[in-house]
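Take a look at the structure below.
Order as written gives the chain letters A, B and C; numbering starts at 1 within each chain.
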Amino acid sequence: MLRRRLRKVSDGHDEHHAHIETPAPFLFCVATAIMFIGLVMATAGGEDKTGDTGYWFVFILGLMGIFTSFFMWVQDYWNLEGEEDEHIETYHEFWATISTRKFGMWIFLLTEVMVFSTLLSAYLRYRASMPDYSPDIDCGLYFEDCWVPAADVIRSHLIFGVINTFALLLSSLTVVLALYAAKNNNPKAVTRYLTVTFVLGALFLALKLWEWNEMRHYNFWDESHNGCDILAGQSIADHCIAPKYANGFWLDTSIEGSTFYITTGMHGAHVFIGLIALGYLIAKSNKDGYNEENHETIELFGLYWHYVDLVWVFVFPFFYLY
Amino acid sequence: MNRIKILGIGILLSIIFAVTAVPTGETNPGGIDPGISTLVEANGCSCHNIGDGDMNNPNSAVVLNLSMPDNFTAGETYTLTLNISGGPNDIAPMENGPNMGGFMLKVSTGTLTPIDNNVWKPEDSSYLTHTGGEEGQNGDGNNLREWSFNWTAPDSDSVVAEFMVYGNSVNGNAYEESGGMGNSGDYWNSGVFLLAGQNAQIADGSDYGELSGPKKIIYGFGIVFITLAVVVVGYRMVDQDESFEEVMKSYWRWIYPWLTTTDHKYIGTLYIVTGFAWFFIGGVLGLLIRWQLYEPRVDGDFLTYQEYNSTFTMHGTTMIFMAAMPIIFGFANYLIPLQIGARDLAFPRLNSFGYWLLPTGGIVLYMGYFTGGAGDVGWTGYAPYSSGASATRPGTDFWVAGQLMLGASSTLTAVNFLVTMLRMRAPGVSLMKMPLFSWSILVTVFLLLLSIPVFTVALILLMADRTFGSLYFSGPDSDPILWQHLFWYFGHPEVYIVILPAFGVLSEIISTFSRRPIFGYTSMVYAMATIGIISFVVYGHHMFTTGADPLFRFIVMLTTMLVAVPTGIKIFNWLATMTGGSVVLNTPMMFSLGTIITFTIGGITGIILASIPLDIAFHDTYFVVAHFHYVLIGGTMFSFIAGVYYWYPKMTGKMMNEKLGIAHFAATFITFNAAFYPMHNVGISGMPRRYATYDSSLTELNQFISIFAILFGLAQLIFVYNVFYSYRNGKEAGDNPWNGWSLEWATSSPPPENSFIEIPTLLDAEEEAKKSE
Amino acid sequence: MSIISDLIYFDNPAIWDSFGGTSSGIGGLVWQMFIWSVIVGLLVVTWLIYNLIFFRHKEGDPEPKDALKAGVFPHERGDVKIELTWTIAPLILVSWLTFLSLAPLDYMWDIPDNEDADVTVDVTAGSWYWGFEYANGYEKPEEFTKCSSNINCLEVPANSIIRFNVTSVDNLHAFYLPDMGIKQDAVPGLNTATWVDTSIVSARDEPYRIYCTEYCGNSHSQMLAEIYVTEVNSE
């Protein structure tokens, strides 16, 4: 019953320019609303306003609806074998140098630049408001007057951040290789490269979640979890824990935590969404859907994926090294 | 004729039935004695040198614990114990007393009584504090970190008692510095503890079985709508002898195309209708505000103060995000492809997605009304009230979530329009040959792309603070002004986003009804682009009183003054267009001219507010409310109402009734100015914004405003009637009833399915002259 | 009648009198803003009405030469000289108004130091009350009898420079004295300052108003306080 139809145009002049009818956007939005209602009620509803756990069911329902509508949406593209916008002509040469969808992706990435600029600027604003931790300055009883960055928490286990960085950089390369393979009519290679990209991306997310968990329980430092004894003159360099992180380093511990988790979390969410899109690409390439005539979608995804990678190139030094 | 009479009576009866079925009830005060806010009580730590280091901020290291029974019975006396732990006293206790800890405790209802000499109650006060402080209360209270006292419950056990506690953890290390007083370097914290009576409910303060005002309205509308639907369906089943399935199927066949369309014309229509529907909902909220302000009222007289706070919050958010922007996107959706000679937008499915996020996002936004109160943080959502103590929960969370969806909608739509307008213009439509409405949308989408994501991130940070406890705005080291920077960096381009398309509409209408080209097309384009660019560097003028960097505030004053210049150019160009033309004074033209007048007034008050010394007096008073209503209603809404009158023939193929239109204009213009102009006076007299009640000396002016506001709302019914009446009975419009020049007038009314039979070519006036030779 | 006179004459002594007549230049600024607003407003309305009278379309009028045709981009119409005029003139006007704002701004922002002010008051805003403390060891003169507590009540000497150090303990509030034109946000975690010269108002028995003017929750409109300006004979 709910299938897309091409509306026939009455005057017979141009059957190409029919308007598509699709229920997917409508259902996507309804599902999003259900998801948000579930999320808000699950975290802030109930008698005591701290969350009504029954609503997690509603949240999951909404998520499932979102996935379903996403599938319905891409169903329109599943069987396409060429660029859809070859019907859209451009009568002004200057703008004809870039395809419509690619242009759209670049503009969308512009908005994403604003997103991460905002996150980084909020971080920098707070970072600049306090001196960085140093044993030579008075940081207060709980080190609350100094900035004890996430970098300090993670320094001894930086290898994972480095692995993540390489994974992401490598995955950007594999996407480009997949695109070349498509242009060279090598569908099996396309699938292989896209799968490697997916694995690398998933590895990134898995490592990140594991890192987060370790940091949250402050497992990266001294196993005995000893706090710094200020009266005895200890400093973080002695591998003791800053007193304000005595209960772990999480986003409600301090502003260092909030900025770290929210920024890396937003980046991780973008990686996650990329992986979902990548799933579609892999499925389609698996049935040899990409070739010399039809590869633009890989290129579009590649643009997005490069951008996610670029953001990480900024996030990593700002939060892991500095 | 008989059928219509029967149907009419049936509908009338069903409305009467539905209205009587709506449950009655009373609005509920918040459950907290309103007197608490005027209780003259000491700040808990006034004895410990405010302004001395950490004494400014509560510190979460200090843990307060008040042991209480589960609930109370009326009139009973209970012994409660307050315990303080954490803070420097744990690490650095006083070596040789005195002064280990201190407290101050007050309660909203009931009576407090000390039971030993560690606690005392100052004369003429109702709060308790520790002894051993000053002024000769002898006792050991200052040496303790735990105190007990008695509390006698009030006579009603269906209320909730709110205990407000301040606790101090003394820093023994500071004994020397403070000259033996031991009151420096202390950490303190405060907390609220709720104790419900046996028959009270803590959560949303409403007694079981009673509905809040907003719930009644929503349920009432629901009942009326469902009853109406039953009557219409039933009538049709009887009259046409159809089965229920057949009736449902025919309605489904009618509605399904609307749910699944990606045609810019249908989506545009959906946007416009949705936008105007929410405009009326927001208008009802506005009328609630004005009725509340009809005279000074106590809490709960008409609305509770908390309900009032939700009302003005939802009024602002609805009007900007659910009314103004959708109407703009609606006209843009419908007209841009027509004006540039394209068949549709670049990404039709994305267009549909952008639209449907709107009603669904709106529902999420309003969910607060079902859960104890809609968001009450003001449309600006200033932290830390919005990130912490906001009184409505989860209403404020729904407010945040709904706007996340609406922000996504605007961003994706902006991407769509930008690509369309740059890539899909017909032959001959170069950028400097686009109609000015198209240009206004082009500049607007740039503003959207660069500002909405910032707001979206700010909302995410706010949501993180509220839901996950992050400390962006709600911690002791957080900066509330960061929120203001993030919000207004979006917020100011936002108001230009809603006014620039209005400028575009005005340019079209004034040019068409002067029957001559717009005066100074090129300068109009450059003026809009300049306004767009400058709009990003003026946002600090909303923050003149915050104490932000003086250089920042000064620069922003300069740029704000500067942005008046391109705006003035546009106004003068419109007037010059009319000079030497042949002015037709029909409804769209009258609304446009009315807009020029009201927008000029709004612009002038904007210049007044741009000057920092004057803004210090006027900021956050009704003067600002008057200013932005003059530019938003008098600028945006009037222009788009004019746009409806102007493009209605194109969209429906029917002309609107001119007499009703003039009547609508006259009623609207007069009541609008009568309602909003006195707000300038009220503001100069000192009435602050967002006040639920006010000084009684301003009663007369406020009554005048309220009455005309209600009349202004009623005047819009003429417009609604005209829209529906003309759809059935309007004259045939023809392709170009107004003799406009842009490409939408070169296709039929309404346009065919694919908008143009053939993609047209826009000719230049010189080319056209050559052709006809 | 009073409504009409309120509408026509901005009849509020608070802003016109207390701002005007001081050496700060605010009086000039206010007056100029008012005059130029009226002039610009009248200019626009007059020009509009002029257009409606002299260029009204009547039946039988000939079509203008550059009348619009559907599908044809019209000939550009304009006059560079005229457009430059109404670009430069507003530019000069707003520059003038900005210039006029400088003196009052400087006066306002020249906040006296804690030591230079006659009285320094620490203002603490909370939900929903105002706390006042005299700072710098100021001793309350015996003439100050109006306030029985330091919450929601403040008494200051007449004809003195009063400096306010403003902060908040929980949410944003704003310290607003409408009769003296003072407004300063109270930001938690930040100390902001403002000042007033109480010679701009007269000493009297009734209090002047203090409002909170930054939305702060349920009792935002109840967060009122009183400030008394009292003659002090010593000093």
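Observations on the structure shown:
The working rule: contacts are C-beta pairs under 8 Å (C-beta built on N, C-alpha and C of every residue); 3 or more make two chains touch, one makes a residue touch a chain.
Computed from a predicted structure; not experimentally measured.
Taken chain by chain, the contacts run in an open path, each chain touching the next and the two ends left apart.
Using the average of C-alpha coordinates as each chain's centre, A ends up farthest from chain C.
Centre-to-centre separation between chain A and chain C, using Cα means, comes to 46 Å.
Separating the centre of chain B from that of chain C, both taken as means of CA atoms, is a distance of 24 Å.
Measuring from the averaged C-alpha position of chain A to that of chain B gives a distance of 30 Å. Residues of chain B in contact with at least two other chains: 476-479.
Residues of chain A in contact with at least two other chains: none. Listed in rising order, the residues of chain B touching chain A in the complex are 61, 88, 91-92, 201-203, 257, 259-263, 343-344, 346-350, 352-353, 355-357, 359-361, 363-364, 367, 371, 393-394, 397-398, 401-402, 404-405, 411-412, 414-416, 418-419, 422-427, 429-430, 449-454, 456-458, 460-461, 464-472, 475-479, 482, 486, 752-754, 757-758. By the touch criterion stated above, chain A contacts chain B in their complex at residues 4, 7, 9-11, 13-14, 17-26, 28-30, 32-33, 36-37, 39-41, 43-49, 73, 76, 85, 88, 90-92, 95-96, 100-101, 103-104, 107-108, 110-112, 114-115, 117-119, 122, 125-126, 129-130, 141-142, 144, 251-252, 254-255, 257-259, 261-262, 266. Contacts from chain B toward chain C in the complex involve residues 30, 34, 37-43, 46, 50-51, 56-58, 190, 305-306, 309, 376-378, 382-385, 388-391, 428, 433, 476-481, 511-512, 514-523, 545-547, 550, 554, 557-558, 561-562, 564-565, 568-569, 571-573, 575-585, 593, 596-597, 600-601, 604-605, 607-608, 611-614, 616-617, 619-621, 677-678, 681, 684-686, 688-695, 700-701, 704, 735-736, 739-743, 745-746, 760, 762-766, 768. Contacts from chain C toward chain B in the complex involve residues 2-3, 6-7, 10, 12, 14-15, 19, 26, 29-30, 33, 37, 40-41, 44-45, 47-48, 50-52, 55-57, 61, 63-64, 66-79, 82-83, 86-87, 90-91, 94-95, 97-98, 100-101, 104-105, 108-109, 122, 124, 126-129, 131, 133, 135, 149-153, 165, 167, 169-172, 174, 176, 178-179, 181-185, 187-193, 209, 211-223.
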